[in-house]
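By letter and in written order, the chains are A, B and C; residue numbering begins at 1 in each of them.
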Amino acid sequence: MHSRTETIAPFLQHTLPIGALLLCWELVARTGLVNPYVFPPVSAIVIRLFGLFGNGAVYVPLESTVWRAVVGLCAAIVVGAPLGLLMGRARWAQWFFEPLFSFFFPLPKIALVPLYVHLFGLFSFSKVMLIFTDCLFPIVIFTYHGARGVSPTYLWSAQARGTGRVRMFWRVVLPLSLASLYDGIQVAVVVAILVAVVSEMVAGGSGLGHAMMLAFRYGDVRSAFAFLVTISLVGFLLYKAVQLLRDRLLFWHVAES
Amino acid sequence: MSCALYLRLQNVGMRFGEGVVALDSLDLSIAEREFVTIVGPSGCGKSTLLYLVGGFLKPTAGILTLRGNPIVGPGADRGIVFQRYSLFPWLTVRRNISYGLEELGVPRIERDRIVAEHVRLVHLEGFEDRYPRELSGGMQQRVALAQTLVCQPDILLMDEPFGALDAQTRRILQDELRRIWLRDTKTVLFVTHDVEEAVALGTRIVVMSTRPGRVKEVIRREFDVSDGEDFEANPQFSALKLRIWHSVKKEVEAVRR
Amino acid sequence: MKIVPLLLVVMLWQAASMSGLLPAAVLPSFFAVVVALLSLVKSGQIFPHTAASFLRAGTGLLIGTVCGTAVGLAMARFRPVQRAVEPILLSIYPVPKPALIPLFMVWLGIGDLSKITVIALSCLVPVMVSAFNGARSVDEILLWSARARGTTEYRLWWRVVLPAALPQVATGVRAAIAIALIVMVSSEFISAEHGLGYLIFTYGGVGADNAMMAVVLYLTAIGFLIDRAYVAGLRRLMAWHAFAH
């Protein structure tokens, strides 16, 4: 059982530097050293943030962004996880797909926005497709390595107990690959939000990215900052949610050293 | 003329954190040009003793002096050869050996000469431009020895330097070390768990008690040992080895009880 | 060997285009894209844009790497620095760096400075983390060995910790390169007058799909080559390390 002082100290340690930085920001913004329209004080941003949540202006874009990110991510899991598993266990799949993923990995997929807009239109679908494309990579790669890395001893001991190939897959390979898949999902969820927001910034439509760009265009830097903070919070919360769910979903998994 | 109080440990104690007493009331004196080996059961603190002399740890009790001066921290006057990983992996053999000279500010031409001399000394001609990862364990230890000797330390500390090597390589390196020592007669403090090694190399053998470590007994080796000698065939050797082995064994059993 | 799957995909693409399955209005054929790319190269049009893009990305990457390494090492060396920087770092982490582009354009103008700054900031984070972890995981024995050979505490960092941490820093830089490219393209989509992202955006906007795809292909190839060159360069420069990439 931690005493109160034991839990307070690290919490303070963690928040103090951030608090100090925010305080500096607030003071610098208020002293008139910088243009307050361009460099709004923290308090003004926070007020605007609450305002946006209060008058509901944030909910539609928030919902759009999150919905797109989640749909794109789920699509990537549905397609990418089986593909990664296949690549991990079937020689031909590895031979064919691995070089493809390797080759396209360094391309910043964001460069495909104009192409996707051309193919899929200006609205949600093109953005979801881009999120799907971008999330596919970490999911496939992680699952692939996970499926490949299944220690032979597991397979041999299952074989020795008379497990056929198909059952082997379901009872041994799949559970062990799930942990790697989840690692991929943790990476992909961050990518999903990032791609959602950036594609909205570039291609418009509803969504936090576009709302932020609009705010900048109208010179409403406070709202723009508020949207930026919202974006960051959403990303952070989704990442944390996935991280916390891990223990509940993978409760059976014992981390191999 | 050798000074009997070259290295002096007086009432040295070492306590780690929560009541782990590694050494207690340890007294030891070493004369110049002695080759002193230290044996004892596992956990008796022999390595700790070495690290204290090296200045890497500070004793919680007692004092250590070298040539009358207290030991306050690590320094080039106390060279140390570890069991492994003491070579810089990013430097070649040549650069590893010349490192100490560079730190001492020795000019280039002089450095090259000394390095070449030591490469010859440890029989590593032809390997000057190799990296540590390209060398065998035995070769790495030769480099470790050379890189320590170039600094001309007042005392050479060795922490089970041949412990990670196979029996044959160990024997070869023991003979080489003896050869080098006879040529140069440095003062050496050599820690080992191998009783035979302790007798083969040491002119004085220190037996340590089990934890908390103290000096149990100190035995002088009254006879000479030559390179390539068959120890089994030497009755004096076998007798001394047996005597020390029994002494150590008693300490091991004292723990078991 | 490795190139065959790629060739197969290309052949499939071309076949689909030629057979009419994939109309040119949807996606130009592979040959059409190659022709467009060749004409861009021949006319020399693509090179100033390539230079503009990679100058931005490269500068940002360099600044981010140097600063990231310095801060990471400082964090490993001085506990107060770690305590001060770490929470701030963790807060910056969830911010999608391209989202900072318009903000920095408001602060630093629409020119290269704002873009380079955001790229530098984006690259700083992974390199800093790698440098910090690399410095902290240096084997204690190496440090003791160095001290026992006359290395002062001050020189220890330059002669031992930095080289020992370099492999890990190099891995962080590889991630930073990918990030730099993403931010570079994003910034050029949002506002630019030159650059490969600018070309893609503009060609796409006017419906010049062949040219747009050509630049995308070009960018893909360059990205691939940069990554390969980086890994190969790493293997050579750090031949002493067992890089099992």
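One rule holds for everything that comes next: a contact is a pair of C-beta atoms (placed from the backbone, for glycine too) under 8 Å apart; a residue touches a chain by one contact, two chains touch by 3 or more.
Keep in mind that this is a model prediction, so the values were computed, not measured.
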Longest centre-to-centre distance from chain A, chain (CA-based): B
Which two chains share the largest set of C-beta contact pairs: A-C
Per-chain CA centroid nearest to the all-protein CA mean: C
Chain centre separation in whole Å, for chain B relative to chain A (CA means): 54
Inter-chain centre distance, chain B versus chain C - centres from mean C-alpha coordinates, in Å: 49
Cα-centroid distance, chain A relative to chain C, in whole angstrom: 19
Residues of chain B defined as touching chain C within the complex: 54-56, 73-76, 78-80, 82, 84-91, 99-100, 103-104, 131-133, 147-148, 151, 153
Chain B partner contacts - residues on chain C that touch it in the complex: 139, 141-142, 144-151, 155, 159-160, 163-164, 166, 238-242
Contact footprint of chain C on chain A as seen in their complex: 13-18, 21, 38-39, 95-97, 99-100, 102-108, 110-115, 117-119, 190, 193-194, 197-198, 201-202, 209, 212-213, 216, 221, 224-225, 228, 231-233, 235-236, 239
Complex contacts: residues of chain C adjacent to chain A: 2-6, 8-9, 26-27, 83-88, 91, 93-96, 98-103, 106-107, 178, 181-182, 184-186, 189-190, 196-197, 200-201, 203-205, 209, 212-213, 216, 219-220, 223-224, 226-227
